Structure formats: structure tokens, C-alpha cells
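Going in written order, the chains are labelled A, B, C, D and E, and every chain counts its residues from 1.
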């Protein structure tokens, strides 16, 4: 999430000011800004008996894999290669509007069902070289195949590929709709990693706010709040997406796979729960900060008021006896000086006692 | 958006205090304030084979274009010409209440379906001579025609007209319902321009608020908030409008065009998402501003308190030895003066140390 | 709205502590406090061909007007005349509970349908002798008649009566359900007048708050907020009312009149929109006021701190050389006095420089 | 309401720590704390022809009154007498879970329908010996009978009993479902009394807050807010209850009585409306209080700053010429003293002018 | 609840960073952190005639108890023993995804129905060795059996076991679905214990906030708020769970048991009501604290301002007559000294009077 804040605005801008406006809807134009990444197409074809894997095959031939007998997973890294995306989409009969969604990397996560095809657009968050990276992925489910389109190489699906290769677990025995679930499940599982990162920062803010000597960093609060809002914008529509897939029972997603999607739905809701709790905690830290600030101000003003209440009257007394009048009887008294001290201590004492009775010292 | 704030109240006033009250509903009276604009009627008639274009044709003859074979797009600039609007509306059998909606430029965006007619009222935002201009547009879809009514010349549809003239893309092959979609799509696309403008102002406010030396301008926060609220009032009903068009499947809008309207719906929801995020960001800036203000107050008071705590007691000591009593033994001590300095430094030190232990210096 | 705040509580009290409690529901007792108003019954009977108008007819004979051929509008000013209200209600077969609603002038606006009768209770706001007056009106629609009950004379329907008399427009050609719409439409149209009044006050508050030299009057903010809340309580149930009339298609309200009620619904929603925006704007003014207040406090404290930081140390130095010790070498230096000035200016300069580096001066 | 705040927690505690936990649901155990009240059973049996009334009849014989011909209203004061409650419940075939609800005086208001029985649990607020008392009442409607269970003697139903005895009004002609409505109607009517009490306290707070010399009592605001929240917790579920009774048309409640329940529903919604408005008004008073407090702080600081800005520099000048240097030319000038005054007045003037230009004096 | 805050994050972490990611969904892996607890399986088999109880029976033989004639309750303490959990689950035909839910102790409370099985995941709060302990329990209802899985030994069901053993009450006469209700009922009953603990802390905070000499502890407010939010996250989904069980009438839960679940639903809603009220009360305490803090600041500043306004001008006068000019006529007046006192008292009086007129002293 961290690296996406500045990119976000750039992307949106390119979406807006690019040459897209005025073009008819459905024209394949890439509107993102990840363009310096090599394009790669990987095909993973499997059934109960085994699997076949190809890297960078001839895109024209991809349609051949399209058979109902086996499950074909075609993954493309680098959606800026409009031609290749368009070729694949046409080969698998993808609606032009979906192609536009695939090429627009700042779209809203969503799921759509059209006849026997399902489009799911989601945000994938993963750790790459020790920092969190966020990118958009589009998945198209059709009979016997799943297409996945990523902005750049590197994803959260390597363990899934291993499972397919190894043939352990349920994956090789199931059909393409289960593959779609597995892809989404891995994406949502990695949301927890990002959540953990954010939660630990909220933990730090909270600990700081509760430490009497700690300093709350308003900028840090602000940052975490922004990232939580960003994250929320990715996860919120995800719930609708999975929910709409669940409701479309009997369509491209088989009833036997529905429990897995319901499980996925629960996970998304749990992510949303944790997000909401985090937001509330951040608001709590902000309120605590405000309260601590006003408490400190009171403390500062008390010090000033105590010092002033004690010394200002006494200083006045001293000033009186510093006057140079010819006729000031006290100046010539034998006990004039001790008398002045008495006055000074007395006035300081009255001031101090007055403050003391105010009870805001305790 | 910027120029509309002051106009808004003027418009509402004319709506209220104009001669409209008391008249029966459905009487054609223009209630807006854009009256000094030349009226122009443009007809664009097209089918798969070609297109015909007329400027300022005889309004009486417009009904002739009304044929199911071709798609006729009649655009009128300047709804203050009540006669011409009424003539067109009657020629195409528009309900009197819709005519009232068309003539009232401060109405709420909405969509209505009556038999084979669809009325969509929306707010169009576009850049004219380097500033954002907002005006109301009404669109009526009927069999084989679309009527569009604008307050003034200049709109966001020039590229669409070019596409129709050029015959590239899908537009010439589709019917009038697709034209309605294309019109709305261009309007929503231009919302992103206004959003970008607002977002960049929110970016500026945020950057300012996070800059330790920056000054947050409350008036600017206030302005952006007002404009976001204004914008929201335009976009929010738009979602309902498109949603109601989607639900009316099988009516004037053909099922084959529905996916395009669903796509449009997604865009409107995305605009709303960004708007909500912007609102939250502005609230965040406001809260940050409050926190920074109270932090600065603490800082100011700390300076005052430190200075006072150190110097007021010392000044008291100096005052004591400035008294003119006859009998003040210290004054005659050999080390009286250094002794006084010791007292002064000591009292300043005690005050300073007390402040230091309070820990609000760090 | 302005004059109703104090009356509201009186009314509610009479509703509560009056002799109504303990009586069976449906007993006709007037619970309002407008009792010094002359009662007047006006009958307006019309059909396509003409109209007949009677003032203060014999209430017993009213039922004769009750024919399906013409539309009869019977208006009663002064619901405190329980007998007359009861007589009319019985003559037209009104349910006792509705009679109770008509007699209770502090009820919640609502709409109810019972067989072929419709009861609509609404709040009417109009300008009488240059101030806004708010009163409750009850309308009963039945086959061929509309009864309207007002608390006092004077209403917003004079232009409607003129239209009926003049026979222009649609009104004379339509049936009683259209008359109900026309009555409600005029009531809602006058909400815009009250809105305009409130909006212009919010405008004034906003202008004041944004003017750097202006003073925000918290009491004025508070007043506007209360009136907006009051107004909202009148308009909010109105939306439900009109909505329930819309849903009851095929009942007492003919399908041909439904578009007019939908139009009315749009107007009510627009009033609510403007109300909500006004509320947000008032909140914005309040927040701005808080921010400005805290900014001014900072400003005040800066002045105090700067003066103190510069002069308190310098005054201390002056105090030191005002001491009367026998042995103070500086006092006898040739350049002692300039040296003291150096010290004083120096300490003031150090204080000033410290403040300067704090950067909260800019 | 006033007296219930402390009792509330005690009740809840007894509910929790009493011997109830671990017992099977449906075991009759009283969990309230009103135990020192004499138990009394009153039977009121009536039909169109007359009424029979018994006090403290033999509970075993109560079932005999259970006939469809007449309406039997059995009222029990003092639900802590578990045996008697259980005897009655068994005699009339009440479900054990409902018996538990009747015996638990801190339950949530609710309505339940089971075959031909209806249970309504509500909170009754009435004035007893000049203070508001709140207690729980349970009502069970069955064919030909209504059972009511109260915590203690004294209720809001005396006028209803009079109506039954007197035979005036509709009550004697109607069946048991109408009696249930009459009971609930009287309960809701008395909510307005409690509302009036709360409203007048909010009025007082508001008047105080708007009075420039008034003092807002935060504790009073806090109290009213708590009581409004308490009240709301009683009324909110009441709306659901009446709504669920309305939806169960055709069950134990006859369609002819439904309009009376709809009327009741309107009254409950009106109570909720007033409650919400009161809550908003209290929030408004709180915000006004905060604004006034910060305004006063500004005022206080202005006084301090003005005094300091004028006198601190002047005092510095006086201090300078109080120094005892041998060589201070000014001291020996003929016009030295007036010159010093000039300096002092000048510095005070500069300070005052600086403050004046800041414009926060106006 | 108290002890779970720190554990919560640890658990979530293990869920995220453990070896779970990448594994296919449904693989039995324990993701909690309670691993040092002895595993124990207890079987309680009962019917109307009697009951049989076994501790630590051979898990392989558990399936034998699975008969429709009697109700079998198998309880397992210590879900970290994955093998045993898996063995039991397989013996009773539990879906692999449910097994995953049982093994994940930080899951969201939920209820799911699959054919004739019901899974309920809930949070159990109970007092163990004088502190509140929170753990997750999973319950599976099938024909003739209920399985319960706990993280550790010790639960809230001992009284229920006693009731089964004793044969009193309804439990022995009912089937397994009633047992599920009894289990959930005991869990929800213990929520009231935790609520009582939290409520008494809120009571303390409130009492402190209203005590003029009390000190509100912001950290305590913060803690209670966090725990209320935590608790809410446990209870909120519980409502959905019970609601979904209620809607699934006619499935594994018999219609005769539905009233008991509806009763349970009411209790959960009551817990939520109390939770919401507590949250509002905590917010109220926070607001009161802010108001009190700002009131105290005003009080502190008033003291400072009064002292300064009275003594600073007087000190200035004293400073004037401490100057050493050769020609200062007042110094030589006979009544110079009393004159100076007059000036000093006068200036102090003017300052004091000015403050007095400001009225913020009262």
C-alpha cells in the first residue's frame, strides 16, 4: 500500500487526460503507467492426470488450449501490451467492455457475469523485495479456462502453481471455477499481510499515545488513516464482488464450489471488520492526542499562573519600597526591612493559598 | 464547478420568486437565468450508411426526421427560448411535465421512463475557455431519436459528433438507445476532469497541512468542502438515474445495450467513491489543522512560561535589593552584590529546573 | 417557521395535559391552541363546464354536493370548531381516527389510504403580512370531493382557486385526485420560499465567517440550525406520504394522475436535498468559527509572548542595576550605563530571536 | 425516568448474578428487585351488555372467565409472586418462555405472536405522587382475554377502566384485540408526559446557553442526554413491536382493529421524532457551550494581553531610570522626568496601537 | 476480555505468517497459539431415560455414539491437537472447510447450514480464576449429535451438564437441536457478566467525570472504548448467526425449538443494545472531560489575568517613583507617598473593575 499513494494520482490523471476521452467505449487503449515491464504469457494446463506448462507461447495458438477436458490457466504479465491483450481477449471471446476494464488499471474492483463468462477485477497486494506492492489483476473465467492479467511480473500465486504442479490437494481434481476461487483466496489471504503491517503501525501509535512521555506524531496518524481509507476502497467492492458471485449460483460457478466462495466471503468480511476496528482505533488515538494536548496546555498554564500569582504581588511590594519619596516613614523604621519581607511573603502566601483552594493543582 | 456557487442561489431565487408559482404544473415557463445566449438547433441524422447534418433548421419540420430507420439527434442550445423548446417537445410528443423539467435548469438530476420515452436530466461539467463550466442538460430518448437540450452553446460531445461523422467505432451501427449511452458516458467522463481539479486542490491542502512550516488556509478547506458537496449533489442522483435505466430492461433500452449502461453505472460509482475519499481527506486536513493549531498554542505558551518562570523570581530578588530601607544589612556586606546574583541565578535555576522536570519541553 | 418555535411547546403541552388523555381514541376533541379565529366554510364545485362557489353554506347540506359528476372542494378554516368538523366528517363518512388527526394540529405529516378515501396531513408554510406562518392542513380525498381543513384563514391556494374560476389550464378537465395533487403542489412550492429565507440566512453566516474582520454570531448559527431541524421534521414525513400515494396506484388515485404525483415527489426530494446541504453548510460555518477562534487565540497569545519575551529579561537587567548595594562595581564604571543598555538590548534581542526561530510568527 | 437510573444497574446485576444462570430457559424465576409490594389480582369482565369486576379472586378459578363470549381483562400487580404468575400463565396456556419474559423486569420491549396469542412487553411511564415512575408491563392477548402483569400497583389505565365501567365509547362493543390497543394507546399517551418533562429541561438548557450571562451546567446536559438515551431504548423497540403487530394482519388481531394500531404506530413514531429532535438540541447546546467557553477564553486572554502590552514596556522604562549608575545623563536633565514620561507613554501607546491594529478587539 | 487484547495480535500474526498461506483451503492446520493445554474428549450421551458419560474415550470409537435414538454431546478441549480434531470431523462427516474454521481460533463468529449439519462459531467469555477469559468455541449440530470444540479446558457449560445428569428440566426430553440452543444460551448469558464488568467501569468513569474534584483518566476511557469495540466485534456477527438459524426453519432445527432460538435472538439484541448505550456513555464521558478541561483552563487563566490586571499597573506606578531623576517634584511633596499609594490603589482598582465588568468572574 505504501508505494501506491503517489502513483494513484498519476494513474488517475493518465486515465483522465490521456487520449481515452472521446474514443468509443470498448476501444482497447491502455490507460495505466506501468509500461517499462517485459510482457510474458504463461500457460498452465492441467487435469487430474497431469499438467503442461509453457512460457511465452505463440499467443495466436492460445485458443487451442481452450478445451473443456482440461483446465487452462493463461497468465499475462504487463497489460500495457494492448495488442497481446486484445489478441487473447478475442481468442477467448471476451466482451470489448471487459477488455477496457482489463486495460484500465485504476478501475474499481468488481465482478460481472455474462452468459458463461465471469470477470473479476481485484487489487492484489504482495510483498516484493521487502516492500508492499499493490497492483490490479483481472481474472476471466470461462468454460475450461481462466485468464489472469497483471500489470507487472511477480504475484501471490507461486504456491498455487506449486500445488497444481505437485498435484496434492483438491485443485487438480476440480474444474476452472475452483481455480478462480483459489486465485481469489490467495489474493485475500495476502490482504491479511497488509493488514498486519497497518495494525502494527496503529499499535505503535496507540502505545505512543498512552505513554505519558511519548509524542504522538499527527502526520503518522494522518498517513495511517489515508492508507486505511485507500485499503478500504479496495476491499469494500470486493465484498460486493464475491457476494454477486455467490448469488449467481447455477451459472458458470458450480454449486459444489459455492461453499468455497462462501468461505472466501467470510474472509473478506473479516478483513473489513479488522479495517473498521483499525479506523476506530486511529480515531481514538487522535482524540487521545487532542485530550493530552489540552491537558498539557493546562499544565503549562498552571505553572505560569502559580509563578505569577506568587511573585507578581511580592514584586509590587518591593517596588513600593524602592520608591524615592522624601517622606516614607517605613523606610526609617528599625524593623522596616523585616516588615517589608513580611508583606512580601504574606502577599505571596495569599496568592499561593488562593491558587491552592482552586483545587486544580491536584 | 467554481463559477456556479454564486449563480446557484440566483437561480434558485428566480425559481421561487418568478412568476412560476400559481401557474398550473406543466405550463412551459423558463426559470433559469441564462437568457443572453443565442439559440441554435442542430440536427444530426445517421444510419449505418451515412449521416446528414443541419444547423438551425426550421423547427416545424423537425418531426420529419422522426423515422425509425435512422437515428436522429436533435440538439438545442439555449432553453430560455421557451417557444422553440415547446415546439420541439410537441412535435415529438413529450409530456408537459417533462417539458417543465427541461425548462427548469436547477432541477435535480433524474431519469424517468414513460412508455417508449426516456427522460434523463443531468449536470454537464466541461472546460470552456480554461475554466470549469457547469450546466444542466436534458436528454429525451424516443424511438429513432434523441433530443438534447442545453442551457448554452459548448458541450462535451464534439468528439462523439466526430465519431458519428467519421463512422468509425460502433456508434453508426447501433440505435438511438446506444446514442443516449454515448451522451451520458461522455458527461460522466468529464466528471473525472472536475474531480481531478478538486483532487489536486485537496492534494495541495494536504501537502500544506503536512509541511511543518506551511499554513493551512481554512477558507480554502471550506471552499473545497462546499464544492465537493455541490458536486456530490449532482452525482448522487445520477447513480439512481442510471440504476433505474438498468432496471427498466426490455423497455426503450434494448438488452444488447444494457452492458454499456452497466459500465456507465460502474463509472458513476467510481466517481462517488473518489468524491467520498476526497471528503474524508478534507476532514482529515481540518482535523490536522486543529491539532497543529493547538500544538502551536502549546508551543507559544511554553515559551512564555519558560521566560516568565526564569525571570519573574529573579526580578523579584532584584526588586528586593532595590528597596531603600535605612537598615538593610545585605546592602552593606562586602559580598552583598555577588550574593544577590547567587540568589537571582538560584531562583531562575529553580524555576528552570521545575519546568524541566515537567517534561513538556521534549 | 420563525413564529412557531414557542407555540410548538404550548401546543404539545395542551395535547398532553388537556382532557384528551383517558378519552377513547376517535373522540372528536380539538387539541390545538388557535381558537380565536372565525370559522368559515367555503365550497367550490366545478366541472369542465363551469364552477359554483358558496361561502358559509349550511353544513348540513354539504353532503348534497357530494356527486360524482362534478368535483367539490370544501375548505374549512378553523378546526377548533369541533362540531362543524364532526358534522362535515360524518356527512362524508370520514373514519373517526382521521377526524382525530384533523383536530390534532401538532400531528406528524402523513398520508393514509382507506378504501376509496385518502387522508393527507401536511404542514403549510406561507407568507402572511410579511412574516412566515406555519400551520397544519388536512386534506381528505374521496370520490368526487376533496375536503381541506385549516387552522386559520389565509392559505397558499388563492392562485389555484383563480385557475379553477378562470377555467384555464388542466384543472377543470381533471377529477378530484388531480385537485389533491394541485393542493399539495402549491404547499410544496411554498416550501421553497421558506427555504430561500433560510438559505439567505446561511449565506449571511457563511459570508460573515469567511470575512476576516467579521464576527460569527453563535446564536444565529444555533437559531438557523434549530429552524432547519424543525423544517426537516415537516418535510421528511412528506416524502413518505407522497411515496405511499405513489405506491397505491390503482386505488383512489388514477394512473393518469400518477406522473403528477411523481413530479411532486421529485420536488419534495429536492427540498430535502437543499435542506441537507444547508445543514452541512451550517456545520461548516460552526467548524470555521471554531478554527477562527483558536486561530485568534494563537494570535493573542503570540502578542503577549513576544512582548513578554522581549521586555521581561530587559526589565530584570534594569532591576539588577537598580539595587542599592554598597559595592557594585558596574555602577561606577564610566561606561556602566551604556553597558547596561547593551545588556538590556542583548537580552531583548536573544528573546526576540528565539521567538523568531520558532517560525510561528509567519 | 429520573428514578430509574440507579435501579437499572441493580436490576441488571440481579439478572446476571442471580440464581437464574444455569437454570433451563423457561424456569419461572423472578429476576427483578421490586419485592416489597402487595400482590393483587383484578378481574374486569365485560361485554356489550355490562361488566363484572372482582378484586383478588381465587387465582385457580380465573380460567373460568376465559370464555369467548365476553372480554376478560385480568391484571396482576407484583410479578415477584412467581407462584401466582405461574398459576395464571398455566391456566391460560402461556408458553414457558413468555412466562420468563413476564418475570424478567429488565427485558427489552417486544411483541411476539404465537398461534392465537400475542405477547407485548412494554415500558410504562406514569406520574405517581408527583414524580415519574417507570416500570415494565407485560400484556398477553388471547381469544376473549387480555392478561396484564405489572411490577407494582398504580398504572395509567384508570380512565380506561372508567370507560369500560361507564360503557361509553367504543370499548364495550369491541373484542379483546381492541382492549390490547387501548392499553398500549394509554401507555404511549403517557410517553408524551415524560417527553414534555424532558423537553422543558432541554428548553431550560437552551435558554441558559443563549443567555450571555447564563452558565451552562455540563452535568445537566449530561443528565438529560443520559435520560434521552434511556428513554430511546424503551421507545425504539416499541416501534418494532407495533409494526410487527400491524404486519400480522389476519392473526389474533382483527383487520377492523388494524387502523387503531396504525394510529398507535404513528404516535410511537412521533415520540421518536421528538426524541431525536431533543437529542439534536442537546448536542447543539453542548456545541454552543464549547464555543462560548472558547470565546470567553479569548476574552480573558485579550484583557491579559492588553494590560501586559501596555504596562510591561512602560515598566521597563521606569526600571531603566531607576538604575543607580553614576553616569546617567538623562537623570540630570532639566526635563528628564517629563522625558521619561514621554518614553513610558510612548511605549505604552505603541503597544496599545499594535494591539489595536490586530482588530481582535472589536 | 481484558486478557485478550495482546493475544489478539499474536494470533492474527500466526494466522498470517504461519505455514497456512499457500496451502489449499481445507487443509487441517491449527493457526492459534494455545498449544500447551492437555487435550481431553468428553462424551455425554443421553435420552429421556438416562445418560452415559465417558472421559477421554477412544476417538476412533466415537462414531459409534452417533445414533439417532439418543443425543450425543462430544466436547473436545484443545483444538491444537489437529489429528484428533481431524479424526472426529471425519468420523462425523464434517466438511473440510468447517474443519478449517474449527482450527482457526481467530475467525469471525458465524453460523452455517449445509444439508443436515449446522456449524456455529462463537466467542465464549467466562470467569476463570477471578478474571475474564475469552476463547473461541465451535459447535457442530448433526442428526443426533452435537460436537463442541474449545481452545482450552474450562467453560460455561457445567450447570448444563448437571441439568442433563439430573434429568430435571426440559433438556433430556428434547433432541440435539435443543442442546445447541442450550449451549448458545449459556454463552450469551455469560456475555451479561462481561457486560456488567464493563458497565461498572463506565459507571466509575461517569461518577469520576461528574465529581467536580475527580480526575478523568483518559487512558481508562480509551481502554474501555477498545474493549467495548472488541466485544462488539464478537457480538455483532452473533446476531447474524442466530438470525440465519432462525430463517432456516424446517432444516436441521425443528420448528418446535424455534421459539427458543427467537428468545436467544432477543438476548443477543439486548446485549447489543447495552453495548451501544455503553459506547454512547463513554463518548459522553469524553465530551464531558473535554468540557471540564476547557473550563479549568478558563479558570486558570482568570486567576492569572486578575492578578496581572491588578498588580502590573500598580507595579508600574511604583517603578515610576523609583526613578532617580534629579527633578521629580512628586518625590518632595509632603503627601507624595500617600499620593503614590492612591495612584497605585487607583490603577489596581481600575484594572479590577474592568475585569469585574467583564462578568466572566461569576
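The working rule: contacts are C-beta pairs under 8 Å (C-beta built on N, C-alpha and C of every residue); 3 or more make two chains touch, one makes a residue touch a chain.
What you see is a predicted model; the values in this text were computed from it and never measured.
The set of chains in contact with chain B as well as chain C is empty. Rounded to whole angstrom, the centroid-to-centroid distance between chain B and chain E, based on C-alpha atoms, equals 42 Å. Per-chain Cα centroids separate chain D from chain E by 26 Å. Each of the following residues of chain A touches two or more other chains: 290, 294, 297, 301, 304, 308, 312, 315, 319, 322-324, 328. If you sketch which chains touch which, the chains form one closed loop in which each chain touches exactly two neighbours. One closed ring of touching chains is present, and its order from chain B going to chain C first is B, C, D, E, A. Of all the residues in chain D, the ones that touch chain C in their complex are 158-160, 162-163, 168-171, 181-182, 185-186, 189-190, 192-193, 195-196, 199-200, 203, 209-210, 259-260, 262-263, 266, 269-270, 273-274, 277, 280-281, 284, 287-288, 290-292, 294-295, 297-298, 301-302, 304-305, 308-309, 312-313, 315-316, 319-320, 322-328, 351, 354-355, 358-360, 362. Across the complex, chain C meets chain D through its residues 9, 12-13, 15-17, 20-27, 95, 97, 100-101, 107-108, 110, 112, 114, 213, 215, 218-219, 222, 225-226, 229-230, 233, 286, 289-290, 293-294, 296-297, 299-301, 303-304, 307-308, 311-312, 314-315, 318-319, 321-324, 328, 330-334, 336-337, 340, 344.
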